[in-house]
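Two complexes come next, and they have one chain in common, chain A, joined by chain B in the first and chain C in the second.
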Partner chain A sequence: MKAKLNKETIVDLLLTILKSTLNEIDGRVDLTEGENIKLFGGEGLLDSIGLVHYIVDVEEKLEDEFGVSVVLANEKAMSRRTSPFSRVSYLADYILEEIKLHSND
Partner chain B sequence: MISMNMVILITGSSRGIGYNLVKYFLSQGHDVIGCSRSVNELQHNKYKHFCLDVSDEKKVNDLFVNIRKEYGRLDVLINNAGLASMNHTILTPLGTVNKLFDTNFKGTFLFSRQAVKLMKKNYFGRIINFSTVAVPLNLEGEAIYAATKSAIEQFTKVFSKEIASLGITINTIGPTPVETDLIKAVPKNKLEELIAQQAIKRLGNFDDIINVINFYIDTKSNFITGQTIYLGGVFK
Partner chain C sequence: MSSKIEYILTPWDTKSLELKTAEIKINTYSDLDTFKADYFAIEEKLLEANVQFVYTRITSFDRSLRYFLQKIGFYFVETSLEFSLNRVQKFEKRKLPIIEYKLANEEDHSVIKIIARDSFNFGRFHEDVNVPSANSRLRYYNWIDDLVGQNAEIYVAKVGKEIIGFNIQKIDFSRKAITLVLAGCKSGAEIFSLSLWNEIIYENKIKGFNQINALISASNIGVFNIYNQFNFILKNTYLGFHKKF
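Right after this comes the complex of A and B.
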C-alpha cells in the first residue's frame, strides 16, 4: 500500500530526509521553519555535496513510499527562475508536479 | 584483492569485449547485469540482461530502479558500450556525430550519474570507462570517435573529484585495437600504421583489458582515481 500523495506528506518526507542528511553531514539540525527552510543557495542549509546526498535520498524515498521514479535534477528544474531546490516548499510543489506528469505518461 | 559476490553492471554486453567481460565476471562468482540494444542469449543464474539504448535516459533510469529493487546495491559499473566510425571529418555527416556522442559519451554520463546514486550508500564503488589510444595518437580519420573518447577522459577526471568523498573511484582504460567487430571495418594498412606507433607492437587482447580492469576494481586501488591507462605503451 503506497502512502497518500499531497503537499503535506511530501513536506513531511522532505523534512525527515533533511534531518537525516544534516545529521550525516555535521549534526546541525534546526527544522523549526518547516516548509520555509532554505535548502540550497544563499543561506541554504546544504552545500553542493549535501544537496547531492539529499536529492538522491529523496528520489529513493519517492520510489519506496509512492512508487514513482523521477530524476529531480532535470532540465525543467535547472531552467526555472526560482530553483525548486532553494526551499522545502518549492521542492514539494515541484515533486507534486513531476509525479502528476509521470502518472500521465 | 577483489571482494567476492560483487554486483557488476556492464554496458554493451551482447558482443565483443562486453560479452567476454560478462563471462569472465560470472566465472569469478559475481552477480552480473548486462545491457545492450540487442539480446544476449547467455543463460546463467547470476546474469540478468536488459535491452536498451544507453543514451535513452528513461530506460537507463528504469534499469537502475530495477537494480536497486533486485540487488539493493551496485559495486562496479563498466561503461563498455561504444560505437566507432572512421571517416575523414569533411565527409562525416552530423548524424554520425550525434550517434557517436549519444552512445559513447552520453551513455557513459547517464550510467555513471545513476550508478553513483546507488554506490554512495555503501561508501564503495568502482566506475570504469573506455577510451582508446586514438586519443593520444591523434589518428587521422578518427576525429569524431577520438573526440567522444576524449570527452570521456575529461569527464572521468572532473567527476572523480566530485565523487571522491563518497568512496567511489572512476578511471578509464584506453585499449589498443583488439580483435572485435569494432575494428573489422578498419583497413589493414591503417591498423599496421597504428600498431607501429605503440611501444609494444601487437594487437591487444582480452587479458590485457581485464588486467587493467581488475587493477581498478581492486579494493586496494582506493587511492587511484581520475586516471587513464593506455595499453601497448602509448602515452600523451
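Right after this comes the complex of A and C.
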C-alpha cells in the first residue's frame, strides 16, 4: 500500500473524483455536504451512467494512488438493503470493508 | 399507384390482453387514396377474423397518414426511436464493471421472463393508458416464450451466480447485421447496464457483424443514454397507434 487509507482519506478521494465527474457532466459542483452527499437514487447527483463512470474512476484511483485493487460493483453491493452507492459516506465504508476483506484473503 | 399493407395476427399479444390482436404493417404507399382503400380492405378482413385490437407504426413525419389513422379511430400510444451502430468491427471494448455474458441455458429462461415482467417499464403496452399495467407486464413475460420459439439468440448477463440482465437478438446474415429485440438489466442492477451493452457490442464484433440496430421507446431515457454513450446514431422516429374495434 502506497499511502495510509482510512475513512477520511477515502472520503477526500471520493469527493475529488466526484468534483471532476460533475464538472464533466454539467459543471455543477456543490460538495459542501461532504460525506453526506447523495450520489445515486432519489436526489442523488449522478444518474446510472454517471455512477458507473464514477465507480470505475474510483477503482482506478484506489489502485493508482494506494495500490489497492478492489471490485466495487459486485454481487455483494447489489444485494445490500442500503446501496453502498447511495451516499459518499456509505461508499467510503464499503471500500474500507472490501479492502479489509481482501487483505485477509 | 399502390400500397403495401398487410396484417399479421399476434397471438403473443392475444395471450396477454385476452383479446384477439393483430399488427398492421405499412411497408410503403404511393398515394393516400390508394392506401385508404387498401386499409379498409384489410380492416374488413380483420373484422371477419374477429380481431378486436390492432396496432400499427408509422414514420413520424407522415402527417397525412397520422391524420387519417386518428380520424378512423386509432389513438397514439408510443414514440419509438430506431438506433444504429455501424462499423462494429472498429469497436473498442471499454473498461466497465465486470459481468459474465454468455448464451442462456433453457433453465435461464424463467429468470429472464421475470426480469422482463418486473423490471421493464416501457413499450407500447406500458404506455397505452387503456391497457392495465398487469397485462403489459404479462405481455413481456409471454413474449420471451415466443422469442425462444423464433430462434432468436438469447444471452444472459451474470454477476456472481445471479442473472442480472439479458439480451435477445436476431441475426440478418445477409447484411451482417444484428437487431436487438429486447435487452436490459433488472431493477437494482442498473449499474451493470453499460457493461451489458459493452459486452453485446463486443460479442457481435467478435462474431464478425458490422451493424447493430435497435428500436426503443422514446420514453426510455435510461436506455437512450446508453445508446448515446456507445455512439449509436438515431436513424428514424416512429409513432405507434392502437385501435380497439
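In the analysis below, the second predicted complex is superposed on the first by the 104 of 105 C-alpha atoms of A that agree within 3 Å, B and C clash if a C-alpha of one lies under 4 Å from a C-alpha of the other, contacts with A are read in each partner's own complex, and residues count from 1 in each chain.
Methods note: a contact is a pair of C-beta atoms (placed from the backbone, for glycine too) under 8 Å apart; a residue touches a chain by one contact, two chains touch by 3 or more.
What you are looking at is a predicted structure, and each value in this text was computed from that prediction instead of being measured.
After superposition onto chain A, the partners chain B and chain C occupy overlapping space and clash. Within the superposed three-chain model, A:85 lies in touch with chain C and out of touch with chain B [touch as defined at top].
When chain B and chain C are set side by side, the one touching more residues of chain A is C. Of the two partner chains, chain B is the only one touched by A:69; chain C is not. Only one of the stretches 74-82, 92-100, 110-118 or 236-244 belonging to chain C overlaps chain B in the superposed arrangement, and that stretch is 92-100.
In the superposition on chain A, the residues of chain A contacting both chain B and chain C are 49, 56, 71.
The residues of chain A lying in touch with chain B in their complex are 49, 53, 56, 59-60, 63, 69, 71. By the touch rule above, chain B contacts chain A in their complex via residues 57, 61-62, 65, 68, 117, 120, 162, 165. Within the complex formed with chain A, the chain C residues making contact are 95-98, 159-162, 164, 188-195, 222, 225-226, 229. Within the complex formed with chain C, the chain A residues making contact are 47-49, 51-52, 55-56, 71-75, 77-78, 85.
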